[in-house]
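Each of the next two complexes has chain A plus one other chain: chain B in the first, chain C in the second.
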Partner chain A sequence: MTDEREITLTINGTEHTLEVEPRRLLVHAIREDLDMTGTHIGCDTGNCGACTILKDGEPIKSCLMFAAQADGAEILTVEGMEDLPEATDLHPLQEGFKAEHGLQCGYCTPGMLMAGKALLDENPDPDEETIRDAISGNLCRCTGYQNIVSSIEYAADELADRTATDGGAVTAEPGDGAGPSADDAATVCGQSDCCGGPDADLFERDYPTEGTDT
Partner chain B sequence: MSSEHEDTPEAETEYQHAEDDGPQPEKHCGHGRGGMGEEVSRKEDKRFITGRGNYVDDIKKPDMLHCEIVRSPHAHARVKDIDGSRAEAMDDVVAVLTAEDLLEHDLATMPTLMDDTQDVLVNEKVKFQSQEVAAVIATDRYTAKDGAEKVEVDYEVLDPVVDAQDALDAEAPLIRDELDDQEDNHIFDWETGDKDATEAVFDAADVTIEEDMNYQRLHPAPIETCGAVADWDPGMDKMTVHMTSQAPHAHRTLFSQVSGIPEHKVRIVSPDVGGGFGNKVPIYPGYVVAAAASFVLEQPVKWVEERSENIQSTGFARDYDMTGELAATEDGVIEGVKVDVLANHGAYNAAAQPTKFPAGFFNIFTGSYDIEAAYGSLTAAFTNTAPGGVAYRCSFRVTEAVYLIERLVNVLADELDVDPAEIRRRNFIPSDAFPYESATGWNYDSGDYEKALDKALEMADYEHYREEQQRRIENDADKLLGIGISSFTEIVGAGPGEQCDIAGIEMFDSADIRVNPTGNAVLRIGVQTQGQGHETTFAQIVAEELGMDVDNISVEHGDTDTEPYGLGTYGSRSTPVAGAATAVAARKVRDKAKSIAANELEAAEEDIEWDRESGEFHVAGAPDRSITITEIAAGAYMNHPGGEEPGLEATNYYDPPEMTYPFGSYIVVVEVDRETGEVDFEKFVAVDDCGNRINPMIIEGQIHGGLAQGIATAMLEEVTYDDNGNVTGGDFMNYLLPTANEIPNFDTGHTVTPSPHHPIGAKGVGESPTVGSPPAIVNAVVDAMNHAGVSHVEMPMTPDVVWAALDDAGLAHKPAQNVEFEFDGASGSADD
Partner chain C sequence: MKSAPFEHHEPTTVDEAVSLLESLDGPTILSGGQSLVPMLRFRLANPDVVVDINGIDSLDYLHEEDGYLRIGALARHADVEDSSLIDETYGSFADVAPLVADPQVRNRGTVVGSVAQADPKGDWGSILLAHDGEVIARGPDGERTIPADEFFLLPYDTTLDDNELITEVRVPTPAPREGSAYHKLKRKTGDYAMAGVAARLVLDDDDVIETARLGMTAVDITNARATDSEAHLEGERPSSELFEEAGELAAEESNPESDEHGDAGYKERMVDVLAQRALGDAAERAGLVKRRVSQ
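Here is the complex of A and B:
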């Protein structure tokens, strides 16, 4: 047993302090220590994306990061989607997946929702190719992806309609864990097709991208 | 292939859908209550999109221990010694289990679904890489893994044999030396059809063609791996196992047989399952080890595979090396088909199929065609590879059969220079010939193959692409066009008890409907969903048959303590078998409801009519004297007719009289890049006929997913081994599932040819696209190069494979001359 250290994770707006071994994966801290099992594990090698979460607004694969590396981070998981400002009963992405039959067994779905959320935060009106690129780090064995693309398009349309109706009032606020913020330190690995799947080139960032030392 | 049934209900096809305009619930079906044909949104979705699903790895129990399995790095090796002492000395490691420990509890071996005997933990000899050698039980996942690394195993490494042909060589190492009468690696020979009649047809034929083709080893690879949480309750003497099971009842019976725990003291729960595709039909050693550990330690034990363990040790699919031949007239009328197969079954005979069918339903290889004579032979071999041969989104080797015949038909078309659509048309079983008995003895229920093909050709704009293909050939274009057709027939819905069983249990299925006093209902079914949407579609069947609103019906499945016995979900059998049971049980409820209606309406029971459109019961000739199922339910509990039992419920165990035969035509248009060998999908048309349709949205979703798996098969996936038996394609880094970037959009269409023997005329659909699409894709790629003499390309058709075919045929184009690459300052042109 290695020495444990205390870390703080703010998940879906709630701060959690926990003791973890340095080697403990973030996905295990979320699933097993904090009992939020909506985030899944499908491959252990960063290929499948079932464990995708948003860390400081960035989609990352939580099986490829130690919990200790996420100390101090704001994290969004599927369990937090209903409480986001753009959600009514459900988040428009969740509505889209249901309306467009974007899921079957449901195992990849939380990761797909996260990848979709990260995309729409950056690009509210993506074309099909952009959507396919954005979810290309997330494997689905059931749907053939076509309906997942439609689900994300549904959400984009829904969000655009609401923005038009509300005069642009409903957007993600900095620091609420829902979107990238210039105030948040972000950790990305810098590789295309790795952390969260989307091609890193898709996202022009104007906030720090260097890793946070822990 | 028929069996006697006294109470087989007659098919009711009164709600058959419009064939060409898609379902129109308000006009033809569903009646607005969510019955047959309505695109009801899925009841199960909410928990999945909000993170509230409950998969095996989500289950957490007090004092739960974790199990990590120590696996062999060698493919063939004798285990000389296992030393677990360093692991056992660790804090938080509770136990190290080996075969010796399991022998004490008579759990050292387990039966496979083909009646072979597999080591749960290796007793003497490792027979494939990653085989289970020992297990470490610890208080948490990380410590269990640490402990597994400290278990020292002394191996005497033996020569492995990986290739099935090599395994049958007299000099090959003997893999199964523990079996008394096993002197080589040969498992069984199997044959089907009439050899002499087929030879006679071939001898007299105008034309014969032959093609070798390999259906590579695949893995179903659901995104959730296999796992279990076993919980022995010493107070109740009861074993509860939550497990990733596609067949919980069959697994309960097998668990009881293996463990000696009486079946009524075993509860299998299949919670939410993250995809199955046949991978979760067999029992694997990990389940047994977890259960054994929980029994011994009297604490709950969780075992969940990592991805590499899943691909390297659990049931693979396919691995058939096939040679097919056709005999035909000069006009392209097929008279005979012959096939010879070498099947690699891995280290144990652990294929998953009905026990009387060692090669599954492979003898459906006459396909959609009226062929006079057929003969098939097959030899199966043991090799030092993982055991398997599961029905990966396939009804027991139908996928291999469909690939064979649909490729052969194209080869014949090439030989005779007849259009591939036309040659199919000349050979289809005519629509008025059903029920049709094939040369290998299958009794096809219904079909209209030409209609499906015509629809697909129209949707694909076939003639346009044929012209475009010619234009590109004439212009020596960089991208060739290929058009591939597959007009497949599936055989699903296993199956009639006289023919089909799993470990001796007949392959019936079941449904139990209980209507509550307040008018809603609970349906319990013997099949289980891994994403197919049973909680929705089965409720739709009840809604249709009882005139209830679909929202008022809950579907329960997957718990052997509460659900009626069933054989599980695989082989596209849920709708054909359990769907039939559901309809029959609902009709039994409806019959009883009539007598209650008569009582409530103060009329004679024979005067009570049920109106499918309104969903109400009324007195004949007096439609306004009516009563709904909700009112009847109240009557059943609060004012039940004298002389009858109170309550309103019914159960049906349905033994299908026949299999069902879904079919379809797929047309794929590809662009083949002559510089790189890359294949792009230009158009992908899928016309399916699964009989009457329950939920078009869910059907389309099934088709999309199956087509994606067909593309994965044709283009990307293969479990590969090196000569030493090392798995070289055993994780998601190397076993390539397609992403959203590799899968195109699909154009789907349908025709409706109801099954005449199924109570709701449905046939099952989940597997058709995986079965039907690989030959369409290969046919398309071959078609692009056919003008230069290419007759076959092996799967997976990765760019290097396609480029080699282009190059062999003199079709490869070199990259443009002005492209230069820089390597560390040194430059070289691409055509070096």
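Here is the complex of A and C:
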């Protein structure tokens, strides 16, 4: 029984059948067997939370579980967030991280998004302490956490606003005021006193090319 | 790093699990896996066979029955945290559940697995000790009940036999005038305790302490009771002075080791302080007015 066995994982609504050894970790199955590298491996010890996914709606660390144990499970990873019913172009949490600068290097972000998603599913109007508790299993070495808390608050407000304006119906039209969309200017981050970065001109900027060392 | 290869068995009944444990060579039981999976990956544990009990649905419970709070082997820390049973009546349980590791780990890790792991820094052992708890084990010869007092031997070593499976841990339902609490010192969320103290007090009609229990975390080679301190408390009325004396006695009974978190003397002082706080909360929950001595 050390042999590979067939398991089925439903990830972001798509069913995948794969052969895994018993020792195959869930995070490795997701990243390596299924090529979904949005779920990160940070510490490899179960401390950092970068590999957090939702398994049957609950946040868990996918480096602390064998893939075979998730046979038959419904899994959500960061790749599935923009296809959730509450997402427009991006998921409100992703909009929040963009608008509030909830990331710098971005390594912890997929796990933070999952922890935030699990929190808002359970508690749509969390206070700051509750948010901090919900992300206490996720380490961030860049932000000092404040902007991550603000990002989750942004998403909670965004979801509450929508509920108030449309009675809970989910809107899926881009550019309807529910957040920045692909059509919006890259500088629109949702803040009136936007600093202009880091996404302002990221893609338009003239990067130095080979041979220009100035 | 990957685990060494192992055989993975997934029994769906306790009987099946017990017969697997008996027939297989050197099996390791996998429940929540929040400690075991990293140990396998770092090859601190190298079993040839893993018996994964997560498919035994009959072990997934947390309820009161026949005078006990019974926690089945598949009840997760989060189940305790979310249970409507767990309120001030089970004060120490309400205190400890949100202090174990972090939310993701609490969704997978089990109370019984934590007890079975017998890490002296684990919180649940102290709770069991303070509540005169019991460990229910099933083996080839049937079921046996191990008092928590007789369960822990050494770090990661217990009186459980290799072919036995813990199906349940349980504590007696609280007496009418009983209160309990758990206080834990840790550097940050998710850390193991630097020190922790569980306290339980049962008062009689005259507010005299009938039963006192103190379980200590991370300050000895196993979770340990502070029996001198308990004896000093019993027969007395709760007071700040009494709890100060009890805290000092508990500190004397503890045997912490110096490490990067603090030297032994510091940890003893922390046992003193945590014991006083836990006793204060326990007394309050047992129905006395607030007598917390320090905050």
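Rule of thumb we're sticking to: the second predicted complex is superposed on the first by the 167 of 214 C-alpha atoms of A that agree within 3 Å, B and C clash if a C-alpha of one lies under 4 Å from a C-alpha of the other, contacts with A are read in each partner's own complex, and residues count from 1 in each chain.
Convention: contacts are C-beta pairs under 8 Å (C-beta built on N, C-alpha and C of every residue); 3 or more make two chains touch, one makes a residue touch a chain.
All of these numbers come straight from a predicted model, not from anything done at the bench.
Asker: So, does A:Val78 touch the first partner chain B, the second partner chain C, both, or neither?
Answerer: first
Asker: Considering only the touch criterion stated at the top, classify A:Asp133 as touching first (chain B), second (chain C), both, or neither.
Answerer: Touch status of A:Asp133: both partners.
Asker: Between chain B (first) and chain C (second), which, if any, makes contact with A:Thr52: first, second, both or neither?
Answerer: In the superposition, A:Thr52 contacts chain C only.
Asker: By residue count, is chain A touched more by chain B or by chain C?
Answerer: Counting residues of chain A touched by each partner, the higher count goes to B.
Asker: Looking at the overlay, what does A:Pro22 touch: chain B (first), chain C (second), both, or neither?
Answerer: A:Pro22 contacts chain C only, not chain B.
Asker: In the overlay, answer first, second, both or neither for which of chain B and chain C A:Asp44 touches.
Answerer: It touches chain B and chain C both.
Asker: Figure out whether A:Leu64 sits in contact with chain B (first) or chain C (second), or with both, or with neither.
Answerer: Second partner only.
Asker: Would you tell me the residues on chain A in contact with chain B in one complex that are also in contact with chain C in the other?
Answerer: 1, 21, 23, 44-45, 47, 133, 136-137
Asker: If we count contacts the way the header does, which residues on chain B are in touch with chain A in the complex?
Answerer: The contact residues of chain B facing chain A are 41-42, 44-55, 57-58, 60, 91-92, 141-143, 221-225, 272-275, 277, 306-308, 530-533, 697-698, 700-702, 704-709, 731-733, 737, 739-741, 743, 745-746.
Asker: What part of chain C is in contact with chain A in the complex they form?
Answerer: 1-9, 33-34, 37-38, 40-41, 50, 52, 54, 78, 98, 101-105, 107-108, 189-190
Asker: Inside the complex, what are the residues of chain A that reach chain B?
Answerer: These residues of chain A touch chain B: 1, 21, 23-24, 28, 31-32, 35-45, 47-48, 50, 77-79, 81-82, 90, 94, 97-99, 101, 103-110, 113, 131-133, 135-149.
Asker: Which bits of chain A are touching chain C when the two form their complex?
Answerer: Result: residues 1-2, 5, 21-23, 25, 44-47, 49, 52, 58-61, 63-66, 68-69, 115, 118, 133-134, 136-137 of chain A touch chain C.
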